[in-house]
Amino acid sequence: MGNSFGRLFRITTWGESHGGGVGVVVDGCPSQIEINEDDIQKELDRRRPGQNKLVTPRDEADNIQILSGIFEGKTLGTPISLMVYNKDANPKAYDNLKDTFRPSHADFTYQKKYGIRNWQGGGRASARETIGRVAAGAIAKTILSKDYNIECIAYVKQVHHIIAEIDRDSISLEDVEKSLVRCPHKESSDLMIEQVEKARDEGDSLGGVIECVVRNVPVGLGEPVFDKLKADLAKAMMSLPATMGVEFGSGFDGTLLMGSEHNDEFYMDGDRVRTKTNHSGGMQGGISNGEDIYFRVAFKPTATIFKKQSSVTSAQKETELQAKGRHDPCVIPRAVPIVEAMANLVILDHLLINKRNQQ
Amino acid sequence: MGNSFGRLFRITTWGESHGGGVGVVVDGCPSQIEINEDDIQKELDRRRPGQNKLVTPRDEADNIQILSGIFEGKTLGTPISLMVYNKDANPKAYDNLKDTFRPSHADFTYQKKYGIRNWQGGGRASARETIGRVAAGAIAKTILSKDYNIECIAYVKQVHHIIAEIDRDSISLEDVEKSLVRCPHKESSDLMIEQVEKARDEGDSLGGVIECVVRNVPVGLGEPVFDKLKADLAKAMMSLPATMGVEFGSGFDGTLLMGSEHNDEFYMDGDRVRTKTNHSGGMQGGISNGEDIYFRVAFKPTATIFKKQSSVTSAQKETELQAKGRHDPCVIPRAVPIVEAMANLVILDHLLINKRNQQ
Amino acid sequence: MGNSFGRLFRITTWGESHGGGVGVVVDGCPSQIEINEDDIQKELDRRRPGQNKLVTPRDEADNIQILSGIFEGKTLGTPISLMVYNKDANPKAYDNLKDTFRPSHADFTYQKKYGIRNWQGGGRASARETIGRVAAGAIAKTILSKDYNIECIAYVKQVHHIIAEIDRDSISLEDVEKSLVRCPHKESSDLMIEQVEKARDEGDSLGGVIECVVRNVPVGLGEPVFDKLKADLAKAMMSLPATMGVEFGSGFDGTLLMGSEHNDEFYMDGDRVRTKTNHSGGMQGGISNGEDIYFRVAFKPTATIFKKQSSVTSAQKETELQAKGRHDPCVIPRAVPIVEAMANLVILDHLLINKRNQQ
Amino acid sequence: MGNSFGRLFRITTWGESHGGGVGVVVDGCPSQIEINEDDIQKELDRRRPGQNKLVTPRDEADNIQILSGIFEGKTLGTPISLMVYNKDANPKAYDNLKDTFRPSHADFTYQKKYGIRNWQGGGRASARETIGRVAAGAIAKTILSKDYNIECIAYVKQVHHIIAEIDRDSISLEDVEKSLVRCPHKESSDLMIEQVEKARDEGDSLGGVIECVVRNVPVGLGEPVFDKLKADLAKAMMSLPATMGVEFGSGFDGTLLMGSEHNDEFYMDGDRVRTKTNHSGGMQGGISNGEDIYFRVAFKPTATIFKKQSSVTSAQKETELQAKGRHDPCVIPRAVPIVEAMANLVILDHLLINKRNQQ
């Protein structure tokens, strides 16, 4: 329990950061879908550390292997098993973590919950776990794009105090990928890069906000009352490491408006019912209304820093801890394809669920 | 699909706002728990409209009926079926809604999804649906309180522009219930009441933020990786009507801190491992760490207002709509016990799930 | 957990034999289906005790109430809540069962599992629990019949030593309902009635076998590998009280054939692929192949008898027990509509699941 | 959907007979359990083809790989990923099956359901799929044995017309493994071997019955009403390839007894409540009562035979088919560890579920 997500398009991820590998089993993928291994690899490359000078230089070439479910380039309708082997360059690098809990990591809670943990890295709480999500999300993305013309784009909206003004309606994947920090607003992107470099040099870290927009979602996705589309998207986002909050449409700022300002009035756009504004973020009553779905996800600053911190040992003695090596001072840019993956998984799952009610 | 929540303590709600009634079936409640019908009724009374002068005067005496699962005052371990009959005073009051979609309500999305809707009120999207949640939550609350000493308290943190400074650590249920708007900070409460009355007189509505704190949660609740405690709480909150966002611990503001500021350093408090700060909101790696869990939920301003709005009909013609009668200009105070109910349901479900791993 | 069945067409039953009532919540029913209350009532009447001179004279008029999910005669796509109130004529009739476990009933196992039980009758293990199944099954039957032309017919194949030769291909519901024991073979039916009367007069009871055939099931229902159609049907049947076994197609006797005798060879019937024989019972690889699905379910003799039996008390003392009153010496005829209900629920659930893979 | 089994101890299998490999992800395994890779390999070796002269000589050394979830010999509480690579010696051997449906195989139903299939062997419907089940079952067996002293033993009860008289109470694993056909009754075993060799020489195949007994199951396992222990065991067994029926305790023969003969009377055995007989097969009301659980599973004769059979092509033309090579004329002996694996998985899952209700 806990390692599966989705109902009809259901993924089960497995793997620790050190040990054999990480992977995912995708159950419920429709058959006869053309899947290109390169499409999956491309998404994995987007989330990989060491993509550029900003982030952790640890070079992990995460080569995806397709173990089942695809035959002569097409899905069989059977489970698709995907995996990436771990390459443990230097297991000793983590020796000092064997007995000490890193602040704001999951070391302590895992140890208490399970009475055991793989202390060679983050174990199951490592960001490597998201490899399986991204690989499965790539399959969902393929189906959504080819069969439904649905497009999901995420980008960095904020790093630390720098907030980018971004035109949600016109942004493209290319705009996003041009920026080292995946912020499509050039000036903000430059400032963010500056901040990240500064934090890196100080051995400190930064948090931020990712915004995600999903276009061309048909009306009617989302199951009342508990499996509302916004509820499942919220769960998907809050299941990611380091996320602290999620808001849809007008979000927390929407609380500052009066009902008469916030309500999205209807009008006819040709033969299509549309809303003049989109404070609702593309969902009403938890069900998609055909407008763009959009939401923002808050990520805390990376827990791994290189400053001395107070901690305790597994023997419950107070101690101090100072991480060594080089790490990623700001994971948000790498989290962009992960947010997209989770959004794609949720949308596709709801599309399949909604078929139930169609003739 | 969509009307059940939880895994081992699992609720299924049913019912539209008009028609026979609303209710809930609770499956998986441990046996031999003493359940007092009054405890359930008390929580229902807290969520009921017409409790005071501020809110909708529609008097709904929601009398709970226990139909199964309890024998001689104790749970049997079998499903507990609870229901409340609807009292449809005036079905004609909704006649004008038969063919017109209310802006920012679920009328349009339900109609498109299902090809049919009960237009006599909000149907399944009505806040009446939450009666089942609150009744089930009252049972969860009883178990958490008696068997685990866990306490969950929610309160209004913000109404429109008024934000209350509240000491999360010391607040009690009594403090909350003293205020008409369930804001335990006297000055803020008075200002909020003023705002609500003003909005009511203008036929407009207000949104706001509820904060919720859960105390004495043991270390180890939450299932990595998808069923993190924060993920399930997020889903629970975003499954509520009118919610626009949820944030845990430092939340969106936490993105403004550096890692060295945000990390919660460990220390020993007697023989207990604790953190000096609690930016993490009581969870690390999605698992409870023994500190208070706290989060905030944003509610949009109530969609029902008495100002003229543009809309379209089910025949896809543009029209104008003006609601009549009297309604609740600010639902946040009534949502407080609903937020608590959902939090209690999530915590209890995870407590039961976590027993799996215990000897 | 344990009181729900199905995935996309999902039912949750509740209720003890004594207490408020019994009922079911149906989640996932497609919208806009015309549901006639009489159709549900008719199926309930078929399972009711006291239908004729053979069975228990306890007259339970189980009047169904529809509490939600249906509006102006059509399904809304929201949960359908159905219930029947209990009428507890004589709770004292069970006083002697408070402390003594009836042999081959669930008294002992419930008491040990839950530490408590409703001893006023069978509680949750009573056959009254199946009311919810039959009511939900009536809805499934309506959909299968109207939208898919699928027909499910069960009948009594065996009572004690009397085995009826029945032509599975031609049998109709009318043929079945003509017989007091729901055995459509006249001579066998007469012999069975004789046996049941004899057992009744002796205070003893009889078991038997129900056979069920489902016609016009499309090719492709059943999800490999665990949710095979035969696997879900088997679970459905073995979830019924008093069932001891289930077999599909050739069943246990099929083990006596050689592969060359048992294999169902293919041939073309116009443009339809068919099999010359149907030892497979309409499923291959756990997936329907378009031939008639058929299976048999074994029911043990009713546990309630009026002869003196050895037992123990809840205080773990040995004792003797002799039931009083009048009961049903052979429940098989009443179980016929219950078997049909479960089969209809499984088939419909799989039909909806299978839509996932269709364009 | 369809490729996962269990709720708290949940397995997801993947893989086709040809292609990358086959495997399983086990989610929900308690932490700190010592797992010996050899214990898993031993069970796989029991199910492997080519173990002895009777069965298919295709030598598949199914070497298990543990990819995650185990650290320094103990379970982490995280998903355990296990896999075996396929070794496709001769893919051309199946060329003639590309366009022709083998009678009583799943070729036709898969092709119709999915519009595509991996025709190089049985694909997902191959018995190779059970490798994942057996590997996961070996972990369950370890836990049941070490922590609960529960023992599950299956054996061949019948091959074709030869039925072995076996003393269910005294049989041991060693007794079973001594026999080439896993029938612990020497004379019957010899006769069965003779029959199998005869069928093999004729290019024909045989079916039979496996009986399984589970000892030391505590009272109270099984969730009323749908997730009865017998219901979940039935689903587990009917999810296996080639199974045609399952019966518990007295089974179909129990229908021939009167209630007074069939009821299991209680008595005190020291301070333990026991039953004098065990017609119920160790469960009452679907809940274990502490007596031995036992059941029988019917397997049809293997569908693959070497005699000429009528069939049709995927282009819907009638044709004849004659398989080549060498195959297993009687799979029952190899199915013995698979039946055990499924039983162990069900029992462990229910043990973990039942913890919910314990203090």
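A, B, C and D are the chain letters, set down in written order, and residue numbers restart from 1 in every chain.
Operating definition for what follows: contacts are C-beta pairs under 8 Å (C-beta built on N, C-alpha and C of every residue); 3 or more make two chains touch, one makes a residue touch a chain.
All of these numbers come straight from a predicted model, not from anything done at the bench.
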| item | value |
| --- | --- |
| Other chains in touch with both chain A and chain D | B, C |
| Farthest chain (mean CA position) relative to chain D | B |
| Of B-D and A-B, whichever chain pair has more C-beta contact pairs | A-B |
| Distance between chain centroids, defined by C-alpha means - chain B, chain D (Å) | 46 |
| Distance between chain centroids, defined by C-alpha means - chain B, chain C (Å) | 39 |
| Interchain centroid distance [CA atoms averaged], chain A/chain B, Å | 27 |
| Per-residue multi-chain contacts in chain D, two or more chains | 1-4, 7-8, 13, 28, 31, 77-78, 113-114, 124, 224, 353, 356-357 |
| Residue ranges of chain D in contact with chain B within the complex | 7-8, 28, 30-31, 77-78, 224, 352-353, 355-358 |
| Touching residues on chain D, where the partner in the complex is chain A | 1-4, 7-8, 10, 12-16, 19-23, 25, 27-28, 31-32, 65-69, 71, 74-81, 83, 113-118, 123-124 |
| For the chain D and chain C complex, residues of the former touching the latter | 1-5, 7, 13, 101, 103-106, 108-110, 112-114, 124-125, 129, 158, 160-161, 199, 204-209, 219-220, 222-228, 230-239, 241, 243-252, 254-268, 271, 273, 275-276, 279-281, 283-289, 298-305, 307, 309-312, 316-318, 329, 353-354, 356-357 |
